[in-house]
Amino acid sequence: MKRELPIAVAFVVGVLMIVSFFFTSKPLSNAAEIVQDWGVIVSAFALGLASVNLIQIHAKKIARGKGLDWLYSGSLIVSMIGMALLGIIKGPTHKTYQFWFDALFVPGQATVYAMTGFFIASAAYRAFRVRNVDAAILLVSAAILMLANVPIGERLWSQLPAVGDWLMDVPNLAGQRGMLIGAGIGGIASGLRVLLGIERSYLGGSSS
Amino acid sequence: MTLAKGRVFSFWLLVVIIGCLLYSMWRAKKGRPISIRKIAGLDAIEEAIGRSTEMGRPVHYCPGIGGIGAVEAPQTFAGLAIMSHVARLTAKFDVPIIVTVRQPEVFPMAEETVRQAYLEEGKGDAYEPTNIRFLSSQQFAYAAALFGIMAREKPAANFMMGAFWAEALMLAEVGSEVGALQITGTAQLSQVPFFVASSDYTLIGEELFAAAAYLSRDQMQLGSILGQDLAKAIVALLIIIGVLTTSAGSDYLSKLMRK
Amino acid sequence: MLDRLARMDRRVIYAVVFLSLSIPLIWPIGLGVSVGPETQKLYDIIESLPSGSAVIVSMDTSPGGYGELASGTTALLNHMARKGLRVIGMGFFDTGPSLLETAFGGSEFRNKEYGKDYVNLGYLAGGETAIAAMARDIPGSFPRDYRGNVTSSLPIMEGIKSVRDVALIVTISSGTPGVPEWIRQVGDPMKVPIATVLVAVNVPNMTPYIQAGQLKGMIPSMKGAAGYESLMGVRGLGTAGMDAQSVSHLVILAFVILGNVVHLASKKPGVSKGGVR
């Protein structure tokens, strides 16, 4: 019963969502909306559960007091609770909330994202090797596209953007579509296995 | 109850695809032997965990940073399915497994998957709940926290299977920097090149979805992989017919698809 | 020497990339910009809309992605403000509405009237399903705006019930939900034009949608922003960033070439290590 009930619920909800996507029916779409609302509520509770886990782990680190861990963990808990209280009491449009959002959160996130540029340079240096013909084709295509996407490429050779566009529109598109179709059908198959309870490792334990 | 405008063709195509999958699963259940090609990334899982055992360092696993309520949900489920297999092996070899999670709703599933895997291996006492960690629901806060975990705990094997976005390359690069053997997999096409460049093995697109079947060797699941190939053949046929009819000046098929 | 180059400290690479990005930002070279066809299309669509038309701008990105999208978003909002369009803002990322506030504040909309010329409806949880729900009933999905006003009482919402009442939807996108979700739930079934301001990494994935006519226009990353700025006759953040991008691309290419030279020079017969798999 511990296994069968979640699988039955998953099946009913899954079928309801699929049918409501394809068919126009007021009762169906109402039912689907209710289920979506439940999903949001479950997510909110899951966030609560996850926050408890976060506090547990970091409280342990503070108690252990090893190195600077206590300081990092302490700042995490203080800022998490502080921002949550500020949002609840003053609201997210309040200028203090917006200040911390703009001054700390936005630049922090943007900085981590911007680090991709540095990581790609290091990964390219280390891994982009001409080992065989395939890798050589890949390297030449990458070089053309990188140059075609910036003004300097056009300065070097006026036809470079056109070559870049061809690479994107023909070989890239062919590959993309193939992978997209394969992944799409794979996704349907995976969904079907979950709905039918054939793949149930997400409930814990082995699949079958 | 009628089919919504613009979704008629998609509906019937879905029916055909599901038909192919069910038929192949039924054939497999009847006992038709099914073999699928080797997937190097999945075969290397034991090697990676063995390496962790030898080096006395933990294994890190991330079931993607996608949730279970959107289009990337199958990737998350695939990530959890592979995680179940990995957790059983870490339990068997007595290697600690650190699981990091971004989506709150995935967290209880990850916890249960690992706990159950340890119980099934008879190592319930070795299960460490604080090793299943929710880091942050914010993408880059999660990434930054994981950089820290990688740098401090230096996993010898790093598994990242599921949906990833811009953090994919950074995480794999940090993994490579700490010397982890990395097995990654995603169906997020924009991230595949990054994983390929910085991991030891990468599951590309549908390989990720085939992983649970591949690892479990369950006939029904293997049957569904065969069904996928059948469905792909039908879609390929549709493409060929589409190209031929469109080239001949007919827009019948494209109109039909828009219905 | 070869060995040292092969094991080059990552921080050296990071430092060179940092310099290649920052120096051209401080001392621009002025390489000029070209306008891509997708960017031109979006510009033409905005130009063709009569003043007073309602458009949706959905902030479907996080602060991380917004760094790359800010210049394109600002250029687009400025164009919309100049054309006198009514902008209905919303977000399907939880951080979207706060970023939308920042975007409106940094554009010419700051001189316009809130609630009449533009509005920020806030965040709707649920990703793709939330987009579908919103498409059918906008005021029903957002009963109150981000600032707490009753949505249906705002003058900007006059005559707006579903997405069928808007002329264009632009998603400022860096992930999921993003362009495919908007096309699936709104563009295709409800026949509303979809356009996007998009991060560079997702641009190759959009080609199928552009070729199929499902995506009507696009500002791809900073390059698109620079093109859009040139169409509007202004020099903004996008234009300034193009020199930096040009130089950094050259530097990364130089590293790739150097890496290969080192690899080939130190290659022992029969040994193959690393490489593209």
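The first chain written gets the first letter, and so on, giving A, B and C; residue counts start at 1 in each chain.
Everything below uses one rule, namely that a contact is a pair of C-beta atoms (placed from the backbone, for glycine too) under 8 Å apart; a residue touches a chain by one contact, two chains touch by 3 or more.
Small disclaimer: the values here were computed from a predicted structure and weren't measured.
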Completion exercise
Between A-B and A-C, more C-beta pairs in contact link A-B
Problem - Innermost chain by mean C-alpha position - result: A
Practice task
Would you kindly tell me how far, in whole Å, the mean C-alpha position of chain C lies from that of chain B?
Solution key: 28
Practice task
Measure off the straight-line distance from the CA centroid of chain A to the CA centroid of chain B, and report it in whole Å.
Solution key: 13
Completion exercise
Separation of the C-alpha centres, chain A versus chain C, in whole Å, is 17
Fill in the blank from the handout: The positions of chain B in contact with two or more other chains are 4, 7, 67, 69, 71, 137-140, 166, 189, 197
Problem - Residues of chain A touching at least two other chains - result: 21, 39, 43, 108-109, 112-113, 120, 122, 124, 126-128, 176, 180
Fill in the blank from the handout: Expected list for chain C, residues touching two or more other chains, is 10, 62-65, 95, 126, 129, 204-205, 276
Problem - chain C-touching residues of chain B, taken from the complex the two chains share - result: 4-7, 66-67, 69-72, 137-140, 163, 165-166, 177, 189-191, 196-197, 201-202, 258
Practice task
Sort out for me which residues of chain A touch chain B in the complex.
Solution key: 18, 21-25, 28, 39, 42-43, 46-51, 53-54, 56-57, 60, 72, 108-109, 112-113, 115-116, 119-120, 122-124, 126-128, 176, 179-183, 185-194, 198-199, 201-208
Problem - List of chain C residues in touch with chain B within their complex - result: 10, 62-65, 94-95, 126-129, 174-177, 180-181, 188-189, 191, 199, 201-202, 204-205, 276-277
Handout entry: chain A residues within the chain C interface of the complex
Key = 17, 21, 29, 32-33, 36, 39-40, 43, 91-93, 98, 101-102, 105-110, 112-114, 117-118, 120-122, 124-132, 134-135, 138-139, 142-143, 146-147, 149-155, 161, 168-169, 172-173, 176-177, 180
Completion exercise
Touching chain A in the complex, chain C uses residues 8, 10, 13-14, 16-18, 21, 31-34, 62-68, 95, 97-99, 101-102, 125-126, 129-130, 132-133, 136, 146-148, 200, 204-205, 207-208, 211, 223, 242-243, 245-253, 255-256, 258-260, 263-264, 272, 274-276
